[in-house]
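Pasting the structures here.
There are two complexes below, and they share chain A, which is joined by chain B in the first and by chain C in the second.
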Partner chain A sequence: MSTDRQSSKQWLLTLPSLAWLGVFFVIPAILVIVTAFRPADLHGGVGAGWTMATVHEVSDPAYLPILWRTVWFSGVTTLVCLALSLPMAFQMARVGPLMRQVLLLLVVIPFLSNFLIRIFAWKSLLHPEGPLTRLLIWLHFIPEDAMLLNNAGAVLLVLIYTQLPFAILPLYAAAEKFDFGLLDAARDLGAGPWRSFSKVFVPGVWRGIVSAAVMVFVCSLGQYVIPQMVGGASDEMLGSKIAQRVFSDRNLPHASVLAAGLMLVVLVPMLIVAVWQRFGRKEAVS
Partner chain B sequence: MRRSWLPSLITLAVIVFLFAPLVVLVANSFNASRFGGEWEGFTWNWYEKLWEADEVWESLWITVKIALSASFTAMILGTLAAYALHRFRSWLQDVHSLLITLPLVMPDILMGMSLLALFVLTGVETGLLTIWIAHVTFCLSFVTMVVLGRLQDFDFTLIDAARDLGATRVQALKKVLLPLLLPGVLAGGLLAFTLSIDDYVITFFVSGPGTTTLPLRVASMMKTSRSLPVINALSTLLIASTFILAALSFRLQRRA
Partner chain C sequence: MDDFLVIDHVTKSFGSHRAVDDVSLSVAQGEAFSLLGPSGCGKTTLLRMIAGFERPDSGRILVGGQDITTLPPEQRPVNTVFQNYALFPHLSVWENVAFGLRMSRRPREEIRSGVDRMLELVRLGEQARKRPAQLSGGQRQRVAIARALVNRPQVLLLDEPLAALDLKLRQHMLMELNTIHEQVGTTFIYVTHDQGEAMSLSDRIAVMNAGKVEQIDSPEHLYETPRSSFVATFIGDANFFTGTVVELQHEGYVRVMVEGLGSPLVLSNGTISSHQTLRLMVRPEKISLTLKRPLSGDRVNAFAGVVEDIAYFGSHTRYRIRAGEHHIIAQLQRSRFSGGEIAPERGAEVWMSFHPDEGRVVLLEDAA
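On to the complex of A and B.
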């Protein structure tokens, strides 16, 4: 009787969010995969019947460079973000509680500011008439006719800029739990600052590093606004192609094949981490 | 003990990197120069132009309407979800927790694209309703996470204490759990509100005619160079309001 009541109470509390996500998250994701095997109709909708034609179209080697570029941009972004965030998280966890709150707020504010506005800010900063270009020309760092905008460098810079908080926040959460007494112990035993950082601190926040890396990598994979706004014609990412197929070509099945591909690329690193964590846990037990 | 100066230097550099574009943006909103390459004197001109841009204010009103209704819905669904996740351990909650986590790592473009596929295939006209649905969907997980964090800190013996002192179940929930949980719920709602106001990618996919939210408006303004300084002015106001909302949310989460 009591377990019955417990169980119905559980269903009552779980059902609203479960049903919402089922209808508006799971079913749409399945629909995308199904649509990948459907023919397109002329009105931008989806026709009847089944076809493998779209999948074959997308297996075209022309898509390989885009896929490769997407993974390459995301990989570089992840590495740079980690390299900057590790020392920063280390520092944030070491300072006093007030300074810690201030630093956290300083990281969160640009993160919460409108995404488009942050890209726009970089666009005007890198603009040929913009302040950064003028400053660098004045310092003779770049030639007079240098273009800072519309190239792969600009895409990477803005990717790093927008993804950085995604790395800092999980790493800070891990560093906060780290026992800094271990560092003193390492120093007492004769380790230098670099050695104690790399051999004691980095292994200590390993889990934070993994979740930061996955977060940044996965979020970068799906970007399309950044390459569209600060990149050139040859800096398109997988997301740019998806948006193009949906809005310019109005070909939903084609976009679905690409989206299903992106889903796979996103799921693979997450599965690796999930399996690795399972495996790691078992190892720790035995 | 000697401490290396390198981590503090990198921290400083990262903060400068994070704020430099925003500072230049705010400065340029008062700059008479159109491209902001150099300082040509102080002006309110761009703010006056912004004040006269009726379509911006219309978009702001649409955005606020959606953000309020979506964050309110997400707040209720997310709080229930967090409570269920915290209270029960079962296969149902394993599935539930997986479903709550997945949207957090789903790229925006995939979420937008798959919702569009749903609306196209079921013949639902895109508009305010579809934007609201999309926003509730991506806000739900964030609210759940914030409230769940709050619940994990909550001392459930307080409820037993209230019951021992003669409170009914409903009284205990209303007078003990709810007031202590409320800051977390509000912080989650506030986060949902900021996320909803900010969203461009997902909204772009599921918006229809007459539902140009503020980010969509900004994106279309960015295409014409005439309105660029006006975006600086608008951005400055938005950054200022983000600052206030973030500070407010911080206070809410820290209050015991």
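On to the complex of A and C.
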């Protein structure tokens, strides 16, 4: 029938994006997994043959705290980003068109300067002699000998700073489509401002929340520059280890095992969310 | 008990625009009351002030003697049926109706029985587990009514409740709304721009224009004795004539000289003095058409004219008739011509006549 023909033609339309996914995601991912089972050679390349040795090496329990810290940092970053960007997205969707443009611009402006430079700026801000530290000491908010730099707090702060726009933008997109008349209805039915927000607005932008959370969580997992620049010796994330294996140890198979492991950590929760969104919600409806 | 809901000299401006201009009215308990007017007349702003979404610049709003002017919407004994229904898309029909009771933290058992009973009232018990998106327009409307009524509001506000429905469904919901109003006995305030809707739903109607109330009356009085030409044209159709009083008769009848037409005798409803200029109004369906001059004394107003245009509507036919410089609309049922006379055709000379009791003097606000 015509609908069949139509759907086969529609399938053709997905070819460019499928090709993109194949070249830039599937093939590299397969290469990473293949490399994980190759021996390393002395020159920093990949040797011939197959081996499980690297996988055994990486199963060292010493990696567990790093993995845990990576997930923990990313989780906290995700929660804080959501908490900050929900009210922000709410306001952006409610203000007039001019103010909305200004706010959008403010969210996007950080992208105009280089990522490394922005982190460097934080490094000097948080430095013991930096303006922020001096100001906080002068205001007696922190003791004279406080260290704002090179600790877990600094890593989290800068992670949240860099990821915030990635939470605001999808949430704003969802909030813009939200029918704010529903909040009037909630107020009318006896819900105060806070309960109308939590019982009606939050469920209303639920899809935006999910995509913001996935975006921030996944992007945070792979970070290695931030812990290296503003973190201390004990704030390494899994990304730091991978970078170290690639750049200083020149052990590609070792780096690949770690990267494949991280990929599992990322993909499994995403798959669970996707399956739950597709099937779980449908059941709830019927 | 004519003052259950009281709007007391309420004014509201947006910028330099006076949306509601010194409006006062009161509604009795259990009454079905309509705010009727064209878009931009301030009726929706007034409704939003009763609901608590807007605050008046001045004036007071009272419900059952309690001043609610400054209360936030969630603390008012008032619930609203919104124009687009504003059902929560993420909740089932049952949970939508339960929302208000949950917000006021009623016991679980009370919520269950309350919601079930209310869904029964609007005949949606079987749809309780569906989402709003799975319902038809009429069903959504009934969910919205149930969701508001389950909270036992002292006043139920309905914002253009039938505007989103198609014609057939609208007529059905009209009856349904009247039945629900009878069953629950709550005070209903309708906001509508549709005069037919307002007439068939309400005990009394406030006709609004440019932020002010033009007239508050029963549907019948509004139609039969409109006080201004705005009300006369907004509620039904009307033919207007400007003329000068030439004779005052007893019992309130006046003879008015209308340039280019004649001197009809009409019933006045106010103090009229001789030689005064005023405006007459005759409803199109009050005018009879005959091919011959009607046999009558001077108590029937009859004028000759030529049929300019005919529009057939099935249940009735509208004629546009020219008499001098006047264009007069007459509306007749086809059967009127069955008694020997044939229906006039375009270009035919006809006689229009109406009884003096069917002619009205309306306010002279724009006669000058």
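The working rule: the second predicted complex is superposed on the first by the 253 of 286 C-alpha atoms of A that agree within 3 Å, B and C clash if a C-alpha of one lies under 4 Å from a C-alpha of the other, contacts with A are read in each partner's own complex, and residues count from 1 in each chain.
Assume a contact is a pair of C-beta atoms (placed from the backbone, for glycine too) under 8 Å apart; a residue touches a chain by one contact, two chains touch by 3 or more.
This is a predicted model, so every value here is computed, not measured.
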item: Touching partner for A:210 - first (chain B), second (chain C), both, neither; value: neither
item: Which of chain B and chain C A:221 touches, first, second, both or neither; value: first
item: First (chain B), second (chain C), both or neither touched by A:148; value: neither
item: Which superposed partner A:156 touches (first chain B, second chain C, both, neither); value: neither
item: Partner chain(s) touched by A:93 [first = chain B, second = chain C, both, neither]; value: neither
item: Contacts of A:191 with chain B and chain C, given as first, second, both or neither; value: second
item: Per-residue contact with chain A, leading partner among chain C and chain B; value: B
item: First, second, both or neither for A:179, with chain B first and chain C second; value: second
item: Contacts of A:117 with chain B and chain C, given as first, second, both or neither; value: first
item: Chain A residues contacted in one complex by chain B, in the other by chain C; value: 184, 187
item: Of all residues in chain C, those that touch chain A in their complex; value: 51-53, 72-74, 78-80, 82, 84, 86-91, 99-100, 103-104, 131, 134, 147-148, 151
item: List of chain A residues in touch with chain C within their complex; value: 179, 181-182, 184-192, 195, 199-200, 203-204, 206, 285
item: Touching residues (chain side chain A, partner chain B) in the complex; value: 10-11, 13-14, 16-18, 20-22, 24-29, 31-32, 35, 45-46, 84-85, 87-88, 90-92, 94, 101, 103, 105-110, 112-118, 120-125, 127, 129-131, 133-134, 161, 164-165, 168, 184, 187, 193-194, 197, 214-215, 218-219, 221-225, 229, 239, 242-243, 246, 252, 255-256, 259, 262-263, 266, 270
item: Sites on chain B touched by chain A in the complex; value: 1-4, 6-8, 10-11, 14-15, 17-22, 24-25, 28, 35-38, 76-78, 80-81, 83-84, 87-88, 90, 92-93, 95-96, 99-100, 102-103, 105-111, 113-118, 120-121, 133-134, 136-137, 140, 144, 194, 197-198, 200-201, 205, 215, 218-219, 222, 228, 231-232, 235, 238-239, 242-243, 245-247, 250
